[in-house]
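One chain, chain A, appears in both complexes that follow, with chain B as partner in the first and chain C in the second.
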Partner chain A sequence: MLSIPCPWCGPRDETEYSYGGEAHIVRPEDPQALSDREWADYLFMRANTKGAHRERWVHSHGCRRWFNVERNTATNEIIAVYKMGESPPGDGTGGDGAP
Partner chain B sequence: MTQRQRLAKGGRIDRTRLLSFTFDGRSYKGYAGDTLASALMANGVSVLGRSFKYHRPRGLFGAGAEEPNAIVQLEEGPDTIPNLRATQVELYDGLMASSVNAWPGLDWDIGEINSLFSRVLPAGFYYKTFMWPASFWMKYEEVIRRAAGLGRCPEHPDPDTYDKMHAHCDVLVVGGGPAGLMAALTAGKAGARVILADEQTEFGGALLDRRNAIDGKPAADWVAAAVAELEAMEDVRLLPRTHAAGYYEHNFLTLLERKTDHLHPVARRRTPGPRQRLWKVRAAQVVLATGAIERPLVFADNDRPGVMLASAAQTYVNRYGVKPGSRAVVFTNNDSAYAAAMDLHDGGVDIAAVVDLRENPGGALVTEARGKGITVLDGRAVVATEGRKRVQAVDVAPLSADGRVAEGAHRRFECDLVLVSGGWNPAVHLFSHAGGKLSFEPDRAQFLPGTTPLPCRAAGSASGDIQLAQCLANGQKAGEVAAAANGFRRRGRLPGIPQCDDVAEGPMRHVWQVPGRKPAAQLKQFVDLQHDVTAADVHLAAREGYESVEHLKRYTTLGMGTDQGKTANINGLAIMAETLGRDIPGVGTTTFRPPYTPVTLGAMAGRDVGALADPVRRTPMHHWHETAGALFEDVGQWKRPWYYPKQGESMQDAVDRECLATRNAIGVLDATTLGKIDIQGPDAAELLNRVYTNAWSKLAVGRCRYGLMLGEDGMVMDDGVTTCLGENHYLMTTTTGNAARVMGWLEEWLQTEWPDLKVYLNSVSEYWATIAIAGPFARELLAELTDDIDVANEAFPFMSLRSGTVAGIPARVFRISFTGEVSFEINVPSTYGLAMWNAVMMAGEKYGITPFGTETMHVLRAEKGYIIVGQDTDGTITPGDLGMDWIVSKKKPDFIGKRSLSRQDTARSDRKQLVGLLTENPSEVLPEGGQIVAIVKDSPPMDMIGHVTSSYYSANLGRSIALALVKGGHDRLGKSVYVPLEGRTVKAKVSKTVFFDPEGERLNG
Partner chain C sequence: MVDPYLRQSPLAHMHLNTRPVSTDATVWLREEPFRTQIVLRGNADKKPFRDSVESAVGCALPREPNSVTGPTDLNDGTRILWLGPDEWLLVAPVGNEQQLMETLADTLTKFHAAAVDVSESRTVLSVGGPSASEALAKGCSLDLHPRSFATGQCAQSEIARAHAIYHKVGEDPVFELYIHRSYAEYVWMWLEDATGEYVPVAEG
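Showing the complex of A and B:
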């Protein structure tokens, strides 16, 4: 049971949240201009990172706000939490310099 | 029966409280403070169960959570609990227990014949024997389940209550032995909020089992003082009878507190409060003082009743005042068993010999034992044991230097007890649960807590310390560090560590598989007692390529029992490592998973059972429906009237009547449960444009529009009618079951992708009660109820909204239809719902107004070919598949899902498409879910081209109708398809989806 610090409410149990998958996947400006492959990339393909991973969560049973979390998928360490629209802190490697 | 094995004095039992209990129907006596195991031992009961595969007689092997053999069924009827360890069941007066896995009985057991055929039951025998043909498995299974099963599930509802507690603390200490008590004391004194949990009845851990002295007094005195000091601390919570079951991410632990398990069921029911409480603890810091479990030795026929862990025997003598036997042989590779030998010796057990695998063991305990006149046979091994229901003798032979051969003259010792000790395994289970990495210490062959991502530290023997003084010091340190990490620093000097006399121990000698008098393949050298896994099984697994430790586990079932291999795993690993010529860390260790010991389902469910299992949502008119005799259907959490049978009516009778009444006069439906989302803001129309497939910019105030919502993959996700209530103000309706999902979907887009849109959403589903009236008299009825709404067709056109007063109540009236009839949905604030319903029913009586439920609603909409998302769609269906291209805007440059509609796959012509089906026999109603084929064969498999999604008997049409998803269905109009069913095949013709009033003339009345 993760303890996730909601930027608005503070640390709460994982059961209060829903997971929203990989963060910073921007919806294409003009989907019609994309090839099937490019559209499928946007729609289906995700990085499945082991290590520092930026992802979206929503405090479904709390303030209902979406936000971003940088989490180490191997250890579940929460590296950073930042609001929608904010730039992720750090270099996305969890601070250990690994690629 | 008398307690013939009970010592005259000693032990932590209360000899003034004599308790009666039964085991397998026979009556025995024990004392308060006994476990079921110690009481049975006191009564001289040796055989407590049968082994899983070979059904060999088995007796007590351990004294706590590690027990693999003495698995019992406690109580009967609703109170029964299967698979409890007798060593952890506290004795109470009137306790009733029975053995498991001993059909037909403990004394005469048909399964023991398996022993004679054991060569056909090697590791992996399930996989080898029962793979093919599948039909054989059914026959085998019947026999095997009966012979091999463990306990029986209770068949009655659980009469007890359970609850849950969420807690936070600065320091959670698991284990109340010397290290845990020191840690809790130190952290508590520093001012930290501490929870101390221990699985036993009383705190003290191993100190309860041994004869240590602390500060010159019995260790029990120190324990009592420590507990008293902890009890006096305001911020310390003591949880005895509480085991930590699981350790999860971010220092979240589950603890199971057994509050009244130690009481007779009748007394338990008279005790207020729950039977068990599941604690969910978020701890800033965790100290694991979980102790260590003694490791057995693997030798020939090491499973006979009377063979037990040396530490267990020590526990029975010291803590329970019971003699585990009369004459013991001690078999060891380390010094700790000598302490056990001396305690038993002092308790009056004749120690025939200590057989030590080591040459010239020189530890202080060895010297002390020799001084008591105990015979020590060094460099020797137990190579065989004799006895059927109880060990009667062992053979001892000298061991070769490499430990692989026991040659030379055998010497036989008569005995009824064999104490084994192969060293100690720190209880690292919890540490490992949440991702802690283990490190290997080769001298004592221990996996120790290594690194962990969590703020957690092990203390005491869980961290590998063997000596009491070390445990106390380590516990103090752990408590201090854990408290300091939370900012609690001790005031003044650290108190001294209590004094105790530790002795230096000599090195161990590891002989993982003690040789016998025959080749290993012909011996039963048990590694896992509960699952009957032998050293030969481990060899076989290695030979057959199951080298990975995870494969070893699954192939041989090593460590898969209710004890999860607490005594078996390290020996199994070591034998595998030896077989493969690797070192132990090279083989690795299996992942420990929660729970440490089993948690009852009752505790996990807690209060969330029965009516509290899931919230129930009822409409304001619910009571009226009940009074009218409605049967209800669950839609999401809502209770919706399904149909309203009159006296003597079948479901079909009632639905036929409701359908006919609605089409011929007037019907009324409680449509309150539809999801309603209030949408406001200058960009509200833009939001609708982006999430619906059709155009919304030009929807005038007071007008309604039907919308289809797609996922980004182009698949239909929801549908509903949205109304423009005013400038920048809309009311969206969703399907009942999808309301929360749609709300979340819109919020997600607004917050994550379109934060620039000024739109605000509010769920208002419960704020409004919705009463839908439909049928030829609907307009007349509404006219009667309102003075300020002009209900004329032209004044109040289809797909529009009027606000006004209906039956004296302020209302929004929507002229929309899900039946194809003239229809009005009257929305009033929820508190007026019942009043409005009553007014409608009273005024409608003269028209024969008929309440109808969801079933009639489904039939009526199917007659019109209106889809139900989630019934006629399944997440793989596009608007085109539904024949609803008309609602997909060609002009809008983009909307959610648009791009996907032109993907190669979504543009295929042979996709499953929604069609109508008319059976050849009009009275035949197809089963929903029925598979559709174009070509019938004599027997399956046949090429399936689709399935029936909706199917009803339509009283209005006098025949059955169905909707179906069929591959290339739109091109099959008029063609025949078949639905093969059990014993018959139904022929049907593909039709359009609108069966009734295809021109839609009735909508305007």
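Showing the complex of A and C:
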């Protein structure tokens, strides 16, 4: 079981949360202008990352807020937690962003 | 506001008040039905909103996650439980919902905010006594030890996989669990089972 730190409530068991898939997927400005392939790409296609992965979680049995988690999909290590609207810390590779 | 003559606790059919109470038990259970409960939403970053709520309700909006403001004794006024950065639960004694909703309606017209009477949605189960934390720990993933769960604090979590709002109201300890009414019977029976070992069996 994962222990996930909610940005508001602190660390809680995974059973209190629901998973929301890959984070930072931006809805296209003008869906009408897209081809079917581009629209399907937005709707369905996700990176199947092994390693650091930015994803959304919601604290459904707690404060019911959505937030972002950067998690290593291979080790389940939680690298970072940040609120909606905040820019992700680090460079997305699991490091601290330092060169 | 529900007509009082129609109002029934979700545990009414269990006739809890006719059950014998063991004085030797180190955990006790009690239902506190019909509490006034109002969910308030609004932007706590706006000081006029915070000030208006405070003057209408009589206590400040808690902004610290999982904290509670208001009187220790519920009979002395309204408590506010933090549920989220823009969401609170106002709790008052039985029968205050109409007056409180009218006050809030007057207050909130100036703001982008909402108040909803949810008094019927949950009942309150009190779990108290020296072994209360130990018994609750069987179905609760929160650390209920006083060093991490202080008196006067609240938290939303689960009890035996059912959603619950925990509020620690007494040092003894005493926990109040706000349970959705459709889960009340299940949680009560689960609690009876979980606390059974702390209730000595009467001799003879």
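Definition applied: the second predicted complex is superposed on the first by the 95 of 99 C-alpha atoms of A that agree within 3 Å, B and C clash if a C-alpha of one lies under 4 Å from a C-alpha of the other, contacts with A are read in each partner's own complex, and residues count from 1 in each chain.
To be clear about the criterion, contacts are C-beta pairs under 8 Å (C-beta built on N, C-alpha and C of every residue); 3 or more make two chains touch, one makes a residue touch a chain.
What you are looking at is a predicted structure, and each value in this text was computed from that prediction instead of being measured.
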item: Touching partner for A:9 - first (chain B), second (chain C), both, neither; value: second
item: First (chain B), second (chain C), both or neither touched by A:36; value: first
item: Chain touching more of chain A, residue-wise (chain B, chain C); value: B
item: Partner chain in contact with A:65 - chain B first, chain C second, else both or neither; value: both
item: Chain C-contacting residues of chain A that also contact chain B; value: 13, 64-65
item: Chain B residues within the chain A interface of the complex; value: 248-252, 280, 282, 435, 453, 712-713, 744, 747-748, 751-753, 755, 893-894, 898-900, 903-904
item: Residues of chain A defined as touching chain C within the complex; value: 8-10, 12-13, 15-16, 61-65
item: Residues of chain C touching chain A in the complex; value: 65-66, 83-85, 87, 141-142, 155-158, 161, 163
item: Interfacial residue positions of chain A with respect to chain B in the complex; value: 1-3, 13, 18, 20, 26-27, 30-32, 34, 36, 39-40, 43, 56, 58, 60, 64-66, 72, 75-78, 84-85
